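There's a structure below that I have some questions on.
Chain naming follows the written order as A, B, C and D, and within any one chain the residues start at number 1.
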Amino acid sequence: MAANASLPPWFEYRVTIHPHHTDYAGIVWHGTYIAWMEEARVAWLAAHGLTFADWLKAGVDLPVVDVGLRYRRSLTLGDTALIRARLEPSRGVRLVWQYDIQNAATQDTCVEGQITLAPVDRATRRVLRRLPEHLQLKISP
Amino acid sequence: MAANASLPPWFEYRVTIHPHHTDYAGIVWHGTYIAWMEEARVAWLAAHGLTFADWLKAGVDLPVVDVGLRYRRSLTLGDTALIRARLEPSRGVRLVWQYDIQNAATQDTCVEGQITLAPVDRATRRVLRRLPEHLQLKISP
Amino acid sequence: MAANASLPPWFEYRVTIHPHHTDYAGIVWHGTYIAWMEEARVAWLAAHGLTFADWLKAGVDLPVVDVGLRYRRSLTLGDTALIRARLEPSRGVRLVWQYDIQNAATQDTCVEGQITLAPVDRATRRVLRRLPEHLQLKISP
Amino acid sequence: MAANASLPPWFEYRVTIHPHHTDYAGIVWHGTYIAWMEEARVAWLAAHGLTFADWLKAGVDLPVVDVGLRYRRSLTLGDTALIRARLEPSRGVRLVWQYDIQNAATQDTCVEGQITLAPVDRATRRVLRRLPEHLQLKISP
(Lines give C-alpha, C1' and ligand atoms only; values in the text may rest on other atoms or scores of the structure.)
Protein backbone atom coordinates (compact mmCIF):
# COMPACT_ATOMS: atom_id res chain seq x y z
CA MET A 1 0.00 0.00 0.00
CA ALA A 2 1.58 3.27 -1.06
CA ALA A 3 2.16 5.89 1.61
CA ASN A 4 -0.56 8.50 1.60
CA ALA A 5 0.22 11.80 3.25
CA SER A 6 -3.41 12.58 3.97
CA LEU A 7 -4.07 9.46 6.00
CA PRO A 8 -3.17 9.06 9.66
CA PRO A 9 -0.57 6.37 10.43
CA TRP A 10 -1.67 2.89 11.44
CA PHE A 11 -2.12 2.27 15.16
CA GLU A 12 -0.76 -1.15 16.07
CA TYR A 13 -2.10 -3.68 18.56
CA ARG A 14 -0.72 -7.20 18.97
CA VAL A 15 -2.43 -10.41 20.06
CA THR A 16 -0.82 -13.80 20.63
CA ILE A 17 -3.07 -16.57 19.38
CA HIS A 18 -4.35 -18.87 22.11
CA PRO A 19 -6.38 -22.08 21.91
CA HIS A 20 -9.63 -20.28 22.70
CA HIS A 21 -9.17 -18.15 19.56
CA THR A 22 -9.02 -21.18 17.26
CA ASP A 23 -11.51 -23.72 15.97
CA TYR A 24 -11.40 -27.36 14.90
CA ALA A 25 -9.63 -26.40 11.66
CA GLY A 26 -6.61 -25.32 13.72
CA ILE A 27 -6.88 -21.69 12.65
CA VAL A 28 -8.36 -18.56 14.18
CA TRP A 29 -12.16 -18.78 14.11
CA HIS A 30 -13.49 -16.08 11.78
CA GLY A 31 -15.56 -14.35 14.48
CA THR A 32 -12.57 -13.93 16.81
CA TYR A 33 -11.24 -11.02 14.75
CA ILE A 34 -14.25 -8.91 15.75
CA ALA A 35 -13.11 -9.02 19.39
CA TRP A 36 -9.54 -8.07 18.51
CA MET A 37 -10.75 -5.17 16.39
CA GLU A 38 -12.74 -3.93 19.38
CA GLU A 39 -9.69 -4.28 21.62
CA ALA A 40 -7.61 -2.28 19.14
CA ARG A 41 -10.20 0.52 19.17
CA VAL A 42 -10.20 0.64 22.96
CA ALA A 43 -6.38 0.71 22.95
CA TRP A 44 -6.43 3.50 20.34
CA LEU A 45 -8.83 5.53 22.47
CA ALA A 46 -6.66 4.97 25.57
CA ALA A 47 -3.63 6.17 23.59
CA HIS A 48 -5.63 9.34 22.83
CA GLY A 49 -6.47 9.88 26.49
CA LEU A 50 -10.01 8.50 26.40
CA THR A 51 -11.39 5.74 28.61
CA PHE A 52 -14.79 4.13 28.51
CA ALA A 53 -15.61 6.07 31.66
CA ASP A 54 -15.18 9.30 29.69
CA TRP A 55 -17.81 8.25 27.19
CA LEU A 56 -20.20 7.05 29.87
CA LYS A 57 -19.79 10.29 31.80
CA ALA A 58 -20.61 12.21 28.62
CA GLY A 59 -23.75 10.07 28.21
CA VAL A 60 -22.52 8.67 24.90
CA ASP A 61 -22.53 5.06 23.74
CA LEU A 62 -20.74 3.90 20.58
CA PRO A 63 -22.54 0.93 19.02
CA VAL A 64 -21.19 -0.74 15.92
CA VAL A 65 -23.49 -0.13 12.93
CA ASP A 66 -21.55 -1.72 10.08
CA VAL A 67 -18.92 -4.44 9.71
CA GLY A 68 -17.11 -5.50 6.54
CA LEU A 69 -14.36 -8.13 6.57
CA ARG A 70 -12.35 -9.90 3.87
CA TYR A 71 -10.34 -12.94 4.91
CA ARG A 72 -7.18 -13.51 2.84
CA ARG A 73 -4.93 -15.79 4.90
CA SER A 74 -5.40 -17.71 8.11
CA LEU A 75 -3.59 -17.37 11.43
CA THR A 76 -2.63 -20.34 13.56
CA LEU A 77 -2.02 -21.20 17.20
CA GLY A 78 1.17 -19.52 18.39
CA ASP A 79 1.18 -16.87 15.66
CA THR A 80 1.05 -13.22 16.65
CA ALA A 81 -1.60 -11.09 14.99
CA LEU A 82 -0.68 -7.49 14.30
CA ILE A 83 -3.94 -5.52 14.24
CA ARG A 84 -3.36 -2.25 12.39
CA ALA A 85 -6.20 0.22 12.87
CA ARG A 86 -6.81 3.69 11.55
CA LEU A 87 -9.65 6.10 12.21
CA GLU A 88 -10.72 7.62 8.91
CA PRO A 89 -10.76 11.39 8.64
CA SER A 90 -14.22 12.43 9.79
CA ARG A 91 -17.20 11.88 7.52
CA GLY A 92 -19.93 13.29 9.66
CA VAL A 93 -20.57 11.99 13.15
CA ARG A 94 -19.82 8.36 12.40
CA LEU A 95 -16.46 6.85 13.31
CA VAL A 96 -15.12 4.74 10.45
CA TRP A 97 -12.19 2.44 11.24
CA GLN A 98 -10.01 0.78 8.66
CA TYR A 99 -8.17 -2.40 9.61
CA ASP A 100 -5.27 -4.34 8.16
CA ILE A 101 -4.62 -7.46 10.25
CA GLN A 102 -1.28 -9.05 9.55
CA ASN A 103 0.72 -12.04 10.61
CA ALA A 104 3.31 -10.15 12.69
CA ALA A 105 6.12 -12.47 11.60
CA THR A 106 5.59 -12.25 7.85
CA GLN A 107 3.68 -8.96 7.57
CA ASP A 108 1.27 -10.71 5.23
CA THR A 109 -2.23 -9.27 5.38
CA CYS A 110 -4.63 -11.89 6.75
CA VAL A 111 -7.84 -9.89 7.19
CA GLU A 112 -8.87 -6.48 5.88
CA GLY A 113 -11.87 -4.72 7.24
CA GLN A 114 -13.87 -1.66 8.06
CA ILE A 115 -16.00 -1.09 11.16
CA THR A 116 -18.32 1.87 11.59
CA LEU A 117 -19.62 3.17 14.92
CA ALA A 118 -22.39 5.70 15.46
CA PRO A 119 -22.48 7.68 18.71
CA VAL A 120 -25.85 7.51 20.46
CA ASP A 121 -27.31 9.17 23.52
CA ARG A 122 -27.19 6.55 26.28
CA ALA A 123 -30.58 7.53 27.62
CA THR A 124 -32.61 7.88 24.43
CA ARG A 125 -30.52 5.58 22.14
CA ARG A 126 -30.83 8.29 19.47
CA VAL A 127 -27.93 8.94 17.14
CA LEU A 128 -26.13 12.15 18.09
CA ARG A 129 -25.78 14.94 15.54
CA ARG A 130 -22.30 15.69 16.83
CA LEU A 131 -19.93 14.40 19.48
CA PRO A 132 -19.46 16.39 22.68
CA GLU A 133 -16.64 18.81 21.87
CA HIS A 134 -14.12 17.54 24.45
CA LEU A 135 -14.44 14.04 22.98
CA GLN A 136 -14.27 15.24 19.38
CA LEU A 137 -11.08 17.15 20.11
CA LYS A 138 -9.34 14.10 21.53
CA ILE A 139 -10.03 11.92 18.51
CA SER A 140 -9.37 14.53 15.82
CA PRO A 141 -6.00 14.29 14.10
CA MET B 1 -25.72 -43.09 39.37
CA ALA B 2 -28.39 -44.83 41.47
CA ALA B 3 -31.84 -43.34 41.50
CA ASN B 4 -32.43 -41.21 44.58
CA ALA B 5 -36.01 -40.50 45.53
CA SER B 6 -35.13 -37.32 47.40
CA LEU B 7 -33.52 -35.59 44.43
CA PRO B 8 -35.44 -33.72 41.72
CA PRO B 9 -35.21 -35.20 38.23
CA TRP B 10 -32.63 -33.92 35.77
CA PHE B 11 -33.70 -31.08 33.52
CA GLU B 12 -32.39 -31.62 30.00
CA TYR B 13 -31.05 -29.10 27.51
CA ARG B 14 -29.42 -30.01 24.19
CA VAL B 15 -26.76 -28.22 22.16
CA THR B 16 -25.43 -29.19 18.75
CA ILE B 17 -21.70 -28.62 18.56
CA HIS B 18 -20.67 -25.95 16.07
CA PRO B 19 -17.24 -24.83 14.90
CA HIS B 20 -17.21 -21.83 17.24
CA HIS B 21 -17.51 -24.22 20.22
CA THR B 22 -14.32 -26.11 19.31
CA ASP B 23 -10.62 -25.37 19.43
CA TYR B 24 -7.58 -26.41 17.40
CA ALA B 25 -7.65 -29.88 19.00
CA GLY B 26 -10.95 -30.52 17.22
CA ILE B 27 -12.92 -30.86 20.45
CA VAL B 28 -15.12 -28.55 22.49
CA TRP B 29 -12.97 -25.88 24.16
CA HIS B 30 -13.14 -26.37 27.93
CA GLY B 31 -14.57 -22.91 28.62
CA THR B 32 -17.49 -23.41 26.25
CA TYR B 33 -19.29 -25.62 28.75
CA ILE B 34 -19.74 -22.64 31.09
CA ALA B 35 -21.95 -20.93 28.49
CA TRP B 36 -24.07 -24.06 27.96
CA MET B 37 -24.53 -24.49 31.71
CA GLU B 38 -25.80 -20.91 31.87
CA GLU B 39 -28.15 -21.56 28.96
CA ALA B 40 -29.49 -24.65 30.74
CA ARG B 41 -30.17 -22.60 33.89
CA VAL B 42 -32.04 -19.96 31.90
CA ALA B 43 -34.06 -22.70 30.15
CA TRP B 44 -34.82 -24.31 33.55
CA LEU B 45 -36.03 -20.98 34.92
CA ALA B 46 -38.19 -20.43 31.82
CA ALA B 47 -39.70 -23.90 32.32
CA HIS B 48 -40.56 -22.79 35.87
CA GLY B 49 -42.24 -19.62 34.64
CA LEU B 50 -39.39 -17.22 35.37
CA THR B 51 -37.75 -14.88 32.90
CA PHE B 52 -34.76 -12.62 33.44
CA ALA B 53 -37.20 -9.72 33.44
CA ASP B 54 -38.82 -11.19 36.56
CA TRP B 55 -35.53 -11.11 38.44
CA LEU B 56 -34.69 -7.60 37.25
CA LYS B 57 -38.13 -6.34 38.26
CA ALA B 58 -37.59 -7.83 41.72
CA GLY B 59 -34.26 -6.01 41.93
CA VAL B 60 -32.33 -9.26 42.19
CA ASP B 61 -29.21 -10.29 40.33
CA LEU B 62 -27.83 -13.84 40.39
CA PRO B 63 -24.04 -13.81 40.02
CA VAL B 64 -22.09 -17.04 39.94
CA VAL B 65 -19.94 -17.42 43.06
CA ASP B 66 -18.46 -20.88 42.60
CA VAL B 67 -17.69 -23.20 39.69
CA GLY B 68 -16.39 -26.75 39.83
CA LEU B 69 -15.93 -28.87 36.69
CA ARG B 70 -14.42 -32.29 36.03
CA TYR B 71 -13.77 -33.21 32.39
CA ARG B 72 -14.03 -36.94 31.65
CA ARG B 73 -14.52 -37.26 27.88
CA SER B 74 -14.40 -34.83 25.02
CA LEU B 75 -17.12 -33.80 22.59
CA THR B 76 -16.48 -33.19 18.91
CA LEU B 77 -17.90 -31.15 16.04
CA GLY B 78 -21.29 -32.51 15.06
CA ASP B 79 -21.93 -34.26 18.39
CA THR B 80 -24.94 -33.26 20.44
CA ALA B 81 -24.32 -32.38 24.06
CA LEU B 82 -27.05 -33.28 26.53
CA ILE B 83 -26.77 -30.87 29.44
CA ARG B 84 -28.53 -32.38 32.46
CA ALA B 85 -29.06 -29.85 35.24
CA ARG B 86 -30.62 -30.12 38.67
CA LEU B 87 -31.20 -27.46 41.31
CA GLU B 88 -30.18 -28.89 44.66
CA PRO B 89 -32.73 -28.82 47.46
CA SER B 90 -32.23 -25.49 49.16
CA ARG B 91 -29.25 -24.94 51.42
CA GLY B 92 -29.87 -21.38 52.50
CA VAL B 93 -30.23 -18.61 49.99
CA ARG B 94 -27.65 -19.89 47.52
CA LEU B 95 -28.74 -21.78 44.41
CA VAL B 96 -26.58 -24.85 43.89
CA TRP B 97 -26.81 -26.53 40.48
CA GLN B 98 -25.53 -29.99 39.70
CA TYR B 99 -24.64 -30.86 36.12
CA ASP B 100 -24.06 -34.05 34.20
CA ILE B 101 -23.15 -33.27 30.59
CA GLN B 102 -23.40 -36.25 28.32
CA ASN B 103 -22.78 -37.13 24.72
CA ALA B 104 -26.44 -37.44 23.69
CA ALA B 105 -25.72 -40.35 21.35
CA THR B 106 -23.85 -42.56 23.81
CA GLN B 107 -25.08 -41.17 27.15
CA ASP B 108 -21.48 -41.17 28.34
CA THR B 109 -20.80 -38.48 30.88
CA CYS B 110 -18.34 -35.96 29.44
CA VAL B 111 -18.31 -33.23 32.10
CA GLU B 112 -19.61 -33.19 35.66
CA GLY B 113 -19.98 -29.98 37.54
CA GLN B 114 -21.50 -27.78 40.15
CA ILE B 115 -22.28 -24.09 39.85
CA THR B 116 -23.40 -21.93 42.76
CA LEU B 117 -25.23 -18.62 42.45
CA ALA B 118 -25.87 -16.11 45.20
CA PRO B 119 -28.75 -13.65 44.85
CA VAL B 120 -27.72 -10.03 45.35
CA ASP B 121 -29.56 -6.76 45.53
CA ARG B 122 -29.04 -5.11 42.13
CA ALA B 123 -28.62 -1.68 43.65
CA THR B 124 -26.32 -2.41 46.59
CA ARG B 125 -24.69 -5.64 45.26
CA ARG B 126 -25.21 -7.10 48.77
CA VAL B 127 -26.10 -10.75 49.14
CA LEU B 128 -29.76 -11.18 50.02
CA ARG B 129 -30.77 -13.04 53.18
CA ARG B 130 -33.71 -14.58 51.36
CA LEU B 131 -35.23 -14.53 47.92
CA PRO B 132 -38.42 -12.52 47.33
CA GLU B 133 -41.21 -14.96 48.12
CA HIS B 134 -42.81 -15.06 44.65
CA LEU B 135 -39.46 -16.06 43.17
CA GLN B 136 -38.71 -18.60 45.89
CA LEU B 137 -42.07 -20.27 45.33
CA LYS B 138 -41.46 -20.73 41.64
CA ILE B 139 -38.13 -22.46 42.07
CA SER B 140 -39.07 -24.63 45.06
CA PRO B 141 -39.84 -28.27 44.27
CA MET C 1 -39.30 -7.06 1.11
CA ALA C 2 -41.40 -8.04 -1.87
CA ALA C 3 -41.82 -11.72 -2.61
CA ASN C 4 -39.49 -12.90 -5.32
CA ALA C 5 -40.30 -16.14 -7.06
CA SER C 6 -36.72 -16.78 -8.10
CA LEU C 7 -35.28 -16.77 -4.58
CA PRO C 8 -35.40 -19.77 -2.24
CA PRO C 9 -37.45 -19.29 0.94
CA TRP C 10 -35.77 -18.20 4.17
CA PHE C 11 -34.53 -20.94 6.44
CA GLU C 12 -35.27 -20.07 10.06
CA TYR C 13 -33.18 -20.68 13.17
CA ARG C 14 -34.03 -19.34 16.62
CA VAL C 15 -31.79 -18.37 19.53
CA THR C 16 -32.86 -17.26 22.99
CA ILE C 17 -30.61 -14.49 24.25
CA HIS C 18 -28.55 -15.44 27.30
CA PRO C 19 -26.27 -13.35 29.48
CA HIS C 20 -23.13 -14.60 27.71
CA HIS C 21 -24.46 -13.12 24.45
CA THR C 22 -24.74 -9.60 25.87
CA ASP C 23 -22.28 -6.91 26.87
CA TYR C 24 -22.20 -4.11 29.45
CA ALA C 25 -24.68 -2.09 27.39
CA GLY C 26 -27.33 -4.73 28.12
CA ILE C 27 -27.68 -5.71 24.46
CA VAL C 28 -26.29 -8.47 22.28
CA TRP C 29 -22.58 -7.87 21.66
CA HIS C 30 -22.06 -7.18 17.95
CA GLY C 31 -19.70 -10.13 17.44
CA THR C 32 -22.18 -12.65 18.83
CA TYR C 33 -24.24 -12.58 15.63
CA ILE C 34 -21.34 -14.20 13.74
CA ALA C 35 -21.69 -17.34 15.86
CA TRP C 36 -25.47 -17.49 15.34
CA MET C 37 -25.04 -17.10 11.60
CA GLU C 38 -22.65 -20.05 11.63
CA GLU C 39 -25.12 -22.09 13.67
CA ALA C 40 -27.86 -21.29 11.17
CA ARG C 41 -25.65 -22.48 8.27
CA VAL C 42 -24.90 -25.74 10.08
CA ALA C 43 -28.62 -26.22 10.79
CA TRP C 44 -29.42 -25.48 7.13
CA LEU C 45 -26.88 -28.07 5.97
CA ALA C 46 -28.31 -30.63 8.42
CA ALA C 47 -31.79 -29.93 7.05
CA HIS C 48 -30.35 -30.72 3.60
CA GLY C 49 -28.86 -33.99 4.78
CA LEU C 50 -25.28 -32.80 5.20
CA THR C 51 -23.19 -33.04 8.35
CA PHE C 52 -19.70 -31.73 8.97
CA ALA C 53 -18.50 -35.31 8.74
CA ASP C 54 -19.68 -35.39 5.10
CA TRP C 55 -17.52 -32.42 4.21
CA LEU C 56 -14.51 -33.78 6.08
CA LYS C 57 -14.87 -37.16 4.39
CA ALA C 58 -14.94 -35.40 1.01
CA GLY C 59 -11.72 -33.56 1.96
CA VAL C 60 -13.42 -30.17 1.77
CA ASP C 61 -13.24 -27.30 4.23
CA LEU C 62 -15.49 -24.25 4.02
CA PRO C 63 -13.73 -21.17 5.37
CA VAL C 64 -15.49 -17.82 5.50
CA VAL C 65 -13.92 -15.37 3.06
CA ASP C 66 -16.20 -12.36 3.37
CA VAL C 67 -18.52 -10.91 6.01
CA GLY C 68 -20.80 -7.91 5.70
CA LEU C 69 -23.18 -6.84 8.48
CA ARG C 70 -25.47 -3.89 9.02
CA TYR C 71 -26.88 -3.38 12.52
CA ARG C 72 -30.30 -1.71 12.59
CA ARG C 73 -31.82 -2.51 15.99
CA SER C 74 -30.49 -4.15 19.13
CA LEU C 75 -31.62 -7.32 20.86
CA THR C 76 -31.79 -7.67 24.62
CA LEU C 77 -31.54 -10.37 27.28
CA GLY C 78 -34.58 -12.62 27.11
CA ASP C 79 -35.46 -11.70 23.52
CA THR C 80 -35.55 -14.43 20.90
CA ALA C 81 -33.54 -13.85 17.74
CA LEU C 82 -34.98 -15.27 14.54
CA ILE C 83 -32.06 -15.87 12.19
CA ARG C 84 -33.37 -16.09 8.64
CA ALA C 85 -30.79 -17.48 6.22
CA ARG C 86 -30.85 -18.12 2.51
CA LEU C 87 -28.23 -19.61 0.22
CA GLU C 88 -28.03 -17.50 -2.92
CA PRO C 89 -28.49 -19.24 -6.24
CA SER C 90 -25.00 -20.37 -7.24
CA ARG C 91 -22.51 -17.85 -8.53
CA GLY C 92 -19.56 -20.09 -9.19
CA VAL C 93 -18.09 -22.26 -6.47
CA ARG C 94 -18.56 -19.79 -3.62
CA LEU C 95 -21.47 -20.15 -1.23
CA VAL C 96 -23.11 -16.79 -0.62
CA TRP C 97 -25.53 -16.58 2.31
CA GLN C 98 -28.00 -13.79 2.88
CA TYR C 99 -29.23 -13.12 6.40
CA ASP C 100 -32.11 -11.22 7.91
CA ILE C 101 -31.98 -11.42 11.71
CA GLN C 102 -35.20 -10.38 13.37
CA ASN C 103 -36.58 -9.93 16.83
CA ALA C 104 -38.89 -12.96 16.79
CA ALA C 105 -41.58 -11.16 18.79
CA THR C 106 -41.85 -8.05 16.62
CA GLN C 107 -40.42 -9.31 13.32
CA ASP C 108 -38.35 -6.16 13.13
CA THR C 109 -35.09 -6.64 11.29
CA CYS C 110 -32.18 -6.13 13.69
CA VAL C 111 -29.20 -7.19 11.58
CA GLU C 112 -28.84 -7.74 7.84
CA GLY C 113 -25.84 -9.49 6.43
CA GLN C 114 -24.08 -11.55 3.86
CA ILE C 115 -21.46 -14.21 4.49
CA THR C 116 -19.43 -15.87 1.74
CA LEU C 117 -17.65 -19.22 2.03
CA ALA C 118 -15.15 -20.69 -0.40
CA PRO C 119 -14.60 -24.45 -0.48
CA VAL C 120 -10.95 -25.45 -0.14
CA ASP C 121 -9.09 -28.73 -0.31
CA ARG C 122 -8.37 -29.68 3.32
CA ALA C 123 -4.90 -30.95 2.48
CA THR C 124 -3.61 -28.22 0.18
CA ARG C 125 -5.85 -25.33 1.40
CA ARG C 126 -6.39 -24.44 -2.28
CA VAL C 127 -9.76 -23.16 -3.41
CA LEU C 128 -11.69 -25.85 -5.29
CA ARG C 129 -12.86 -25.22 -8.85
CA ARG C 130 -16.05 -27.09 -8.14
CA LEU C 131 -17.68 -28.91 -5.24
CA PRO C 132 -17.73 -32.72 -5.24
CA GLU C 133 -20.90 -33.62 -7.10
CA HIS C 134 -22.70 -35.42 -4.25
CA LEU C 135 -22.28 -32.32 -2.08
CA GLN C 136 -23.30 -29.93 -4.84
CA LEU C 137 -26.48 -31.90 -5.47
CA LYS C 138 -27.55 -31.71 -1.84
CA ILE C 139 -27.24 -27.94 -1.63
CA SER C 140 -28.72 -27.11 -5.03
CA PRO C 141 -32.33 -25.93 -5.02
CA MET D 1 -1.40 -15.05 52.14
CA ALA D 2 1.78 -15.61 54.10
CA ALA D 3 5.01 -15.95 52.15
CA ASN D 4 5.93 -19.56 51.69
CA ALA D 5 9.52 -20.30 50.78
CA SER D 6 8.67 -23.61 49.14
CA LEU D 7 6.27 -22.15 46.58
CA PRO D 8 7.36 -20.61 43.30
CA PRO D 9 6.60 -16.89 42.86
CA TRP D 10 3.43 -15.78 41.07
CA PHE D 11 3.69 -15.27 37.34
CA GLU D 12 1.77 -12.18 36.32
CA TYR D 13 -0.34 -11.56 33.22
CA ARG D 14 -2.46 -8.47 32.66
CA VAL D 15 -5.69 -8.01 30.69
CA THR D 16 -7.56 -4.76 30.07
CA ILE D 17 -11.30 -5.34 30.26
CA HIS D 18 -13.11 -4.76 26.97
CA PRO D 19 -16.81 -4.76 26.14
CA HIS D 20 -16.69 -8.32 24.78
CA HIS D 21 -15.54 -9.53 28.22
CA THR D 22 -18.59 -8.13 30.00
CA ASP D 23 -22.26 -9.04 30.18
CA TYR D 24 -25.52 -7.14 30.67
CA ALA D 25 -24.72 -6.67 34.37
CA GLY D 26 -21.80 -4.42 33.37
CA ILE D 27 -19.21 -6.76 34.87
CA VAL D 28 -16.92 -9.45 33.48
CA TRP D 29 -18.98 -12.49 32.50
CA HIS D 30 -18.00 -15.41 34.76
CA GLY D 31 -16.84 -17.65 31.89
CA THR D 32 -14.42 -15.04 30.54
CA TYR D 33 -11.91 -15.78 33.30
CA ILE D 34 -11.35 -19.27 31.85
CA ALA D 35 -9.91 -17.72 28.67
CA TRP D 36 -7.62 -15.39 30.62
CA MET D 37 -6.35 -18.27 32.74
CA GLU D 38 -5.49 -20.15 29.55
CA GLU D 39 -3.71 -17.08 28.18
CA ALA D 40 -1.69 -16.80 31.39
CA ARG D 41 -0.62 -20.47 31.11
CA VAL D 42 0.50 -19.96 27.51
CA ALA D 43 2.43 -16.82 28.54
CA TRP D 44 4.02 -18.74 31.43
CA LEU D 45 5.10 -21.51 29.06
CA ALA D 46 6.52 -18.95 26.63
CA ALA D 47 8.47 -17.37 29.48
CA HIS D 48 9.90 -20.83 30.16
CA GLY D 49 10.93 -21.29 26.53
CA LEU D 50 8.03 -23.48 25.45
CA THR D 51 5.66 -22.82 22.59
CA PHE D 52 2.63 -24.82 21.52
CA ALA D 53 4.69 -26.06 18.60
CA ASP D 54 7.08 -27.74 21.07
CA TRP D 55 4.23 -29.73 22.60
CA LEU D 56 2.79 -30.68 19.22
CA LYS D 57 6.20 -31.80 17.98
CA ALA D 58 6.54 -33.98 21.08
CA GLY D 59 3.13 -35.50 20.34
CA VAL D 60 1.66 -34.22 23.58
CA ASP D 61 -1.65 -32.46 24.15
CA LEU D 62 -2.59 -30.81 27.42
CA PRO D 63 -6.34 -30.95 28.00
CA VAL D 64 -7.89 -29.39 31.08
CA VAL D 65 -9.31 -32.07 33.39
CA ASP D 66 -10.44 -30.02 36.38
CA VAL D 67 -11.53 -26.44 37.03
CA GLY D 68 -12.37 -24.83 40.35
CA LEU D 69 -13.20 -21.13 40.67
CA ARG D 70 -14.41 -18.94 43.52
CA TYR D 71 -15.68 -15.49 42.62
CA ARG D 72 -15.16 -12.87 45.35
CA ARG D 73 -15.40 -9.47 43.64
CA SER D 74 -16.39 -8.35 40.17
CA LEU D 75 -14.33 -6.53 37.57
CA THR D 76 -15.77 -3.82 35.34
CA LEU D 77 -15.21 -2.33 31.91
CA GLY D 78 -11.95 -0.39 31.87
CA ASP D 79 -10.46 -2.20 34.88
CA THR D 80 -7.23 -4.11 34.45
CA ALA D 81 -7.20 -7.71 35.64
CA LEU D 82 -3.93 -8.98 37.07
CA ILE D 83 -3.90 -12.74 36.56
CA ARG D 84 -1.40 -14.28 38.97
CA ALA D 85 -0.61 -17.90 38.11
CA ARG D 86 1.62 -20.48 39.73
CA LEU D 87 2.42 -24.02 38.70
CA GLU D 88 2.28 -26.22 41.78
CA PRO D 89 5.33 -28.32 42.59
CA SER D 90 4.81 -31.58 40.75
CA ARG D 91 2.29 -34.10 42.02
CA GLY D 92 2.70 -36.81 39.46
CA VAL D 93 2.24 -36.10 35.78
CA ARG D 94 -0.62 -33.64 36.14
CA LEU D 95 0.00 -29.91 35.94
CA VAL D 96 -1.84 -28.09 38.72
CA TRP D 97 -2.12 -24.32 38.40
CA GLN D 98 -3.13 -21.98 41.18
CA TYR D 99 -4.63 -18.62 40.29
CA ASP D 100 -5.21 -15.39 42.14
CA ILE D 101 -6.92 -12.87 39.88
CA GLN D 102 -6.79 -9.35 41.20
CA ASN D 103 -8.02 -5.92 40.30
CA ALA D 104 -4.64 -4.48 39.28
CA ALA D 105 -5.49 -1.06 40.71
CA THR D 106 -6.55 -2.17 44.18
CA GLN D 107 -4.83 -5.58 44.43
CA ASP D 108 -8.09 -6.98 45.76
CA THR D 109 -8.55 -10.63 44.89
CA CYS D 110 -11.53 -11.02 42.56
CA VAL D 111 -11.32 -14.69 41.59
CA GLU D 112 -9.35 -17.57 43.06
CA GLY D 113 -8.98 -20.80 41.21
CA GLN D 114 -7.21 -23.99 40.36
CA ILE D 115 -6.93 -25.59 36.94
CA THR D 116 -5.49 -29.06 36.35
CA LEU D 117 -4.14 -30.33 33.03
CA ALA D 118 -3.24 -33.90 32.16
CA PRO D 119 -0.79 -34.57 29.33
CA VAL D 120 -2.11 -37.02 26.74
CA ASP D 121 -0.63 -38.67 23.70
CA ARG D 122 -2.02 -36.74 20.71
CA ALA D 123 -2.50 -39.89 18.68
CA THR D 124 -4.04 -42.25 21.23
CA ARG D 125 -5.56 -39.60 23.60
CA ARG D 126 -4.17 -41.72 26.48
CA VAL D 127 -2.82 -39.99 29.57
CA LEU D 128 0.97 -40.09 29.63
CA ARG D 129 2.80 -41.67 32.57
CA ARG D 130 5.45 -38.99 32.38
CA LEU D 131 6.24 -35.91 30.30
CA PRO D 132 8.98 -36.14 27.67
CA GLU D 133 12.14 -35.21 29.56
CA HIS D 134 13.01 -32.06 27.58
CA LEU D 135 9.56 -30.66 28.36
CA GLN D 136 9.67 -31.70 32.01
CA LEU D 137 13.01 -29.97 32.47
CA LYS D 138 11.72 -26.68 31.11
CA ILE D 139 8.77 -26.51 33.48
CA SER D 140 10.52 -27.78 36.61
CA PRO D 141 11.50 -25.10 39.10
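Note that in this section a residue touches a chain if its C-beta (ideal position, glycine included) is under 8 Å from a C-beta of that chain, and two chains touch if they have at least 3 such contacts.
Because the structure is predicted, anything quoted here is derived from the model rather than measured.
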Can you tell me which chain lies farthest from chain C, using the average of the Cα atoms as each chain's centre? D
Comparing B-C with A-B, the busier interface by C-beta pairs is B-C
Between chain B and chain C, tell me the centre distance in angstrom, where each centre is the average of that chain's C-alpha atoms. 28
CA centroids of chain A and chain B: separation to the nearest Å works out as 34
Residues of chain A that touch two or more other chains sit at 19-20, 25, 27, 31, 34-35, 38, 77
Residue ranges of chain C in contact with chain A within the complex: 25, 27, 30-31, 34-35, 38, 61, 63-71, 74, 125
Applying the document's contact rule, which stretches of chain D touch chain C when the two form their complex? 19-20, 22-27, 29, 31, 76-77
Looking at the complex, which residues from chain A come into contact with chain D? 16, 18-20, 34-35, 38-39, 42-43, 46, 51-53, 77-78
